[in-house]
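Below: a set of structures, written as structure tokens.
Here subunit A shows up in two complexes: once beside subunit B, once beside subunit C.
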Partner chain A sequence: MSDETCRVVRASVRAFDCAYARYTSEPFALGRMLAVREGRCLTFGVVTGSESGPDDPSRPLVPRGDAGQSAAAVMADNPEIALLLRTTLSVAICGHIDREVARPALPPMPPPLLAEVHAASDEEQVRIAAGGRFLVPLLANSAADDAVVAAAIRDVARAAGADGRPFLVAAGKELARLLKAEPSRLTSILRAVEPEP
Partner chain B sequence: MSDANRDPDRLGVVVGGSLTKGLEVRLDPERTAQLGQYARTEVAGGLSLLGMVTDITLKSVDSGPTVWPPGEDEPLLLREVLQDTGVYTALAVDPYLELGENGEEPARARRLPSHFAAVLPADQDTIDRAFAVEIPNIPVGAPLGMDEVTVPVHFERLFERSAGVFGKSGTGKSVLVLHLLDAMLTRSAAVSTNRERTVALVFDMHNDYGWEMKFQGQGTSRLRSLKQRHPTEAELYTLEQRAERSDGQILIGTRDIQPDDLEVLRETLDLTDLAIDAAHACRRRFGPGWIDAILADEPSDDVVGKLWRREPPEGDVNWSQVAAQMGYPGSLESLRRRMERLTRREFVRTEGSQFGDVIEHIVRSLQGGKSVIVQFGRHGNDLTSYMLVANMLSRRIWERYRDSTERSREQEAPNRLVIVIEEAHKFVDRSLAGQSIFGQIARELRKYNVTLLVIDQRPSQIDPEVLSQIGTKFTLQLDSDNDVEAIVGGVSGRSGLRQVIASLESKRQALVFGHALPMPVVVQTPEATNAESARASLRARLGLPEREESPAAALFGAPARDSSLPGDAS
Partner chain C sequence: MTLRMEAVAAELPALIARHAETRAAAGAAIEGARAALRGWSDDPVAASARIERALAGGAVPYALAEDDPAAAFPAPAPGPVSVVGVDGSSITPDRFAAVRCYAVNTGHAVLPYGVALEPSLDAVAEVGLDRDLLEGAPDMRQAPRGLATSLLRDVRELERGAELALPALEAGDCVLLLDGTLLPWDLHTRQASDEALAPYRDRTLAALERLRACGERLSVGAYISASAAREVAASLGALAPPPPDAPPLTDGDVFRGLLAPGERSAIFRSRSSRPGRVESLLPGHEVAFCYLRIGDDVARVELPAWAASAAQVERLHAALADQCERCEGYPRVLQEAHEQAVISAADRRQFELLLARLAGDADIRERVNGKQQSKRRRTL
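Here is the complex of A and B:
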């Protein structure tokens, strides 16, 4: 297994966890849409959390390295450390593609364990997130806090390229409908999506 | 419907409403609508519903966005997102007509569209189906937001009942009236039988409708008026002795003035009830020459003889004694002073009866299919002169029409006469409507083939009973709430119409509704122009060939001018 490969290690129809074989300093970013392209359908989810640390909690990581030394340099000087560390991601499922039909809804079954996890392509992101409807399953997951939702919207807007602005507005309107009882939350998410001018 | 399938013209969707209170339409984001604009939607059975936007409201789904509105420093996205989600614009649309697909007569709206039915702006096809597109009709302008579309008003229906043009000064009333009269004369010139002709008797206070109209506008400042446009179909009378281009002068002899003619001058001449009673008494005692009699410096022997038949007082009798003898001690003197003021006018001649000839000639012209414009020249600023002449002429001409109608069999009934009066409220206010001939004409509708076209700035001053008989109303901008209320009083959907009138622009924008139209419409009224293209368009609308010649003129040439016109023809 390549160090850069990420695989499903825990799965349900609402969320899954995936892990790299080792520690990585550049895992998939918060809010990034990921794809599992194995199983009965393609499953898509948004990164809601990212955690790196020792595999064995009874053997905590001890700080090493000289003053002024970078993390990469310390790792290079102590290659055995990387063998004891791992990076794990939490993902909230936000849609699936079944027989070429994109559905911004929970999949009929969880993604297979140990299936490879990849970054969704720009086209997949735009299809799943069209009209901002991917926010419905996303917001139903308690792990998707304001920062995650804002990052996910921002990321899809980037993937949409020239159609990014219309997507932002459409997603914002969908969000407004979903959060009609929480106007302050809506405001804070939209502020995070588009910073003050 | 997804955004991709949405009609690009769509204004919004129906989200509520009732037939009596109108439809509530949620306006699509990025779309705008104007008060008075036409909107259409589909109802069951392939019918279209045509309505008018009568109100526009800003609404919020809940209190959040209005309690904590986004500040100026908030991201633009927040404002964009809240539009149409947290807040939205709602239109009130009054449904008026149901239109079939197969050319059926438009019917009063009796059905509602379903929820979320798409609402679109009306197009030319909808307007054509809704309005009388069959000729003859008069184009009265473009509906709001539809510059390429023209609204037609049914010619016959417009003039078969009284009509009114209302609006404050400078809104374009005169240009609109000229347009309507131009259409009338154009149409009348082209029909073959006299009975089909509609003619106008215009009391032209400000010299607008005779030779030319001066107006404030871009480019042209003088508009060719009826006499220039229809030299053989219009006759021009003036009150001035030496007026250019006049076909005759209106002269009134003191023997022509009856006490009834003074009733409408109560306000302008400051005549009391007792003074009017005194006038009646003088007429009874002294006969047709009563005004000349009371204007003499000293009571004549004839006057004395008629008052003291058995035992006249000794010595010279003065007017105080005459007044006391008649039972009007103060009022007769007051009446004498006012009659003296009245008879100073250049068109009033003492010791004579001139009016009969004038009436005779005008009636002959009118019943012969020509329209008559009475220009007041410098007397236009003198309301007393205007009211005296308009009332005296109208009363006598109406009597002639009444007699002709009652005498005639149906086939020979006189042609339709439309009397055009300005400052109408002076003639038909609450106190005078009973006495004024104009109140009577309005109330009798088309019984004697005489109707009114009233032009006024203060419709609230007009007797409500008279106003209610005005069939078609052209309403330009009005300032006073009372005037607006008077116009829409008793009309279904009046609250919406009130809003529409209140929003009219200060020039060339009118709400037209009533007998000649199937539903109210706000139009940009026709531009003041001398362009031949506009006249050709008007002729086409009236169902006439391009060639501007009456059938008679085409066959026999223009009729020779009658040389026996009364007064000082110039």
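Here is the complex of A and C:
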């Protein structure tokens, strides 16, 4: 297994966890839509969390390195450490493609364990998120907090390119519909979606 | 209740007091031994001759120094090097099992420092039937359980070390570290015939030859933390007999106060006329050793005499001091090799269950044994 390959290590129809073979300082970002292209259908999900640490919980990582030494330099000076760490991601499922039909809904079955996990292509993101409907399964997952939802919307808007603005409008409308009973949450997400001034 | 704490706790203060008395008696003996070491250092030729006269031909192992016996060498700065560590763990064939099967897990760590080599942590597992350990020499059946498995594990550690050192040398200088004694001591057991032990001896020789062929760019060391060896102390005893009531000293007792943290002693060579010494079975591969102070620990470092050139010893010393600093007093590379090799109690149980299930699938049933059954059930 390549160090850069990420594979499913726990799966349900609502969420899955995936892990890299080793530690990576640059895992898939929060809110990034990922794709599992194995199994009965293609499964798509959004990164809701990322955790790195020792593979063996009984061997905690202790701080090492001299003052001013960068993380990369400390890793290079202690070559065993990178081999004993692992990065794991948690992913909320937000859609699937079954026989070429994109559905912003939970898949009929979990993605296969040990299936490879990739970044969804721009085209796949746009298909799954069309009209903001991927927000329905996403908001139903308690792991998808405001920051995750906002990051996911921003990422799809980037993937949509010139169609990013219409997507943001549609997603905003869908959010307003889904969160009409939670105006403060709606406001929080919309503020987080807005681009930095 | 297993151990009755109230009963043993009442006896502990008296035991500790007795130990304190022993330590006090040892103090005088240690001072005497250190004075003898200084005398040896002042006139090494005459003192070595006295030691030889007193101990040569006897059964007590002793040692002679290759250089000034009282010398203390500070740790050199480590240069670019790959450090390879190997350690093994094993499961002894269970005589109650349906299929008597052993497992040997040889773990390794390859850690490059300033050389272009991929680090690696891994283990190689192998299994076999107990008769595979015998190699056509059924008298090993009479040997204690685990002896053959332990021998195989020791031999595999040396072989694995040679397998890993060769590619590491392509990237630059290399230090190979083993945990425990350099040579498998069980090679000279009297509990098995020469015929039974011959395959292990031959494999050990072959691995040592491969390592020797690597040349000066390879340093080899076997690390024994808190060693209880007494060879230097025996030599000093020949120069200045210890007080009659003194407890036997270890070499560590002698060197603890002479070496500063990170320093190593002179290189010594083991001498013994004891029949069946393991070195006598491995001609050309005599053991040299030194002591290394790491914190409060005085570790014994064994190395092949052919790997005791100044450059090889300096590289070994630098790497060991650096490795121990990285891992709170024990070589990092050996700790990681151990972590790769270790077979936990849960692993052992899983192996036992898997073997029993697969044997059962083949209609081979475990013989019912009352003691084992009783231990497993533990019913009231």
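Definition applied: the second predicted complex is superposed on the first by the 194 of 197 C-alpha atoms of A that agree within 3 Å, B and C clash if a C-alpha of one lies under 4 Å from a C-alpha of the other, contacts with A are read in each partner's own complex, and residues count from 1 in each chain.
Everything that follows uses one rule, which is that a residue touches a chain if its C-beta (ideal position, glycine included) is under 8 Å from a C-beta of that chain, and two chains touch if they have at least 3 such contacts.
Predicted model, so just to flag it, every value in this text is computed and none were measured.
Engineer: Fit or clash for subunit B plus subunit C once both are placed on subunit A?
Structural biologist: Subunit B/subunit C on subunit A - fit side by side.
Engineer: For A:Leu114, using the defined touch cut-off, is the partner it touches subunit B, subunit C, both, or neither? Pick first, second, both or neither.
Structural biologist: neither
Engineer: Under the stated touch criterion, which partner chain does A:Leu175 make contact with: subunit B (first), subunit C (second), both, or neither?
Structural biologist: In the superposition, A:Leu175 contacts subunit B only.
Engineer: If we overlay the two complexes on their shared chain A, which of subunit B and subunit C does A:Leu61 touch? Say first, second, both or neither.
Structural biologist: A:Leu61: touches no partner chain.
Engineer: Vertex at subunit A, arms to subunit B and subunit C: angle between C-alpha centres to the nearest 10°?
Structural biologist: One gets 170 degrees for this angle.
Engineer: Applying the document's definition of touch, where does A:Asn78 land relative to subunit B and subunit C: first, second, both, or neither?
Structural biologist: After superposition on chain A, A:Asn78 lies in contact with subunit C alone.
Engineer: Taking the superposition as given, does A:Ala29 touch the first partner, subunit B, the second, subunit C, both, or neither?
Structural biologist: A:Ala29 contacts neither subunit B nor subunit C.
Engineer: Taking the superposition on A as described, I'd like to know which of subunit B and subunit C A:Pro183 touches: first, second, both or neither.
Structural biologist: So A:Pro183 only meets subunit B here.
Engineer: In the superposed model, which partner reaches more residues of subunit A, subunit B or subunit C?
Structural biologist: After superposition, B is the partner touching more of subunit A.
Engineer: Could you grab the smallest C-alpha gap between subunit B and subunit C in the overlay, to the nearest Å?
Structural biologist: Minimum C-alpha separation, subunit B to subunit C: 50 Å.
Engineer: Which residues of subunit C touch subunit A in the complex?
Structural biologist: Against subunit A, subunit C makes touches at 109, 111-113, 119-121, 326, 332-333, 336, 339.
Engineer: Where on subunit B is subunit A touching in the complex?
Structural biologist: So the residues of subunit B touching subunit A come out as 61-62, 64-65, 68, 70, 73-78, 80-82, 84-86.
Engineer: Subunit B touches which residues of subunit A in the complex?
Structural biologist: Per the touch definition, subunit A meets subunit B at residues 168-169, 172-173, 175-177, 180, 183-184, 186-187, 190-191, 193-197.
Engineer: Of all residues in subunit A, which touch subunit C in the complex?
Structural biologist: Where subunit A meets subunit C, its residues are 56, 59, 77-80, 82-84.
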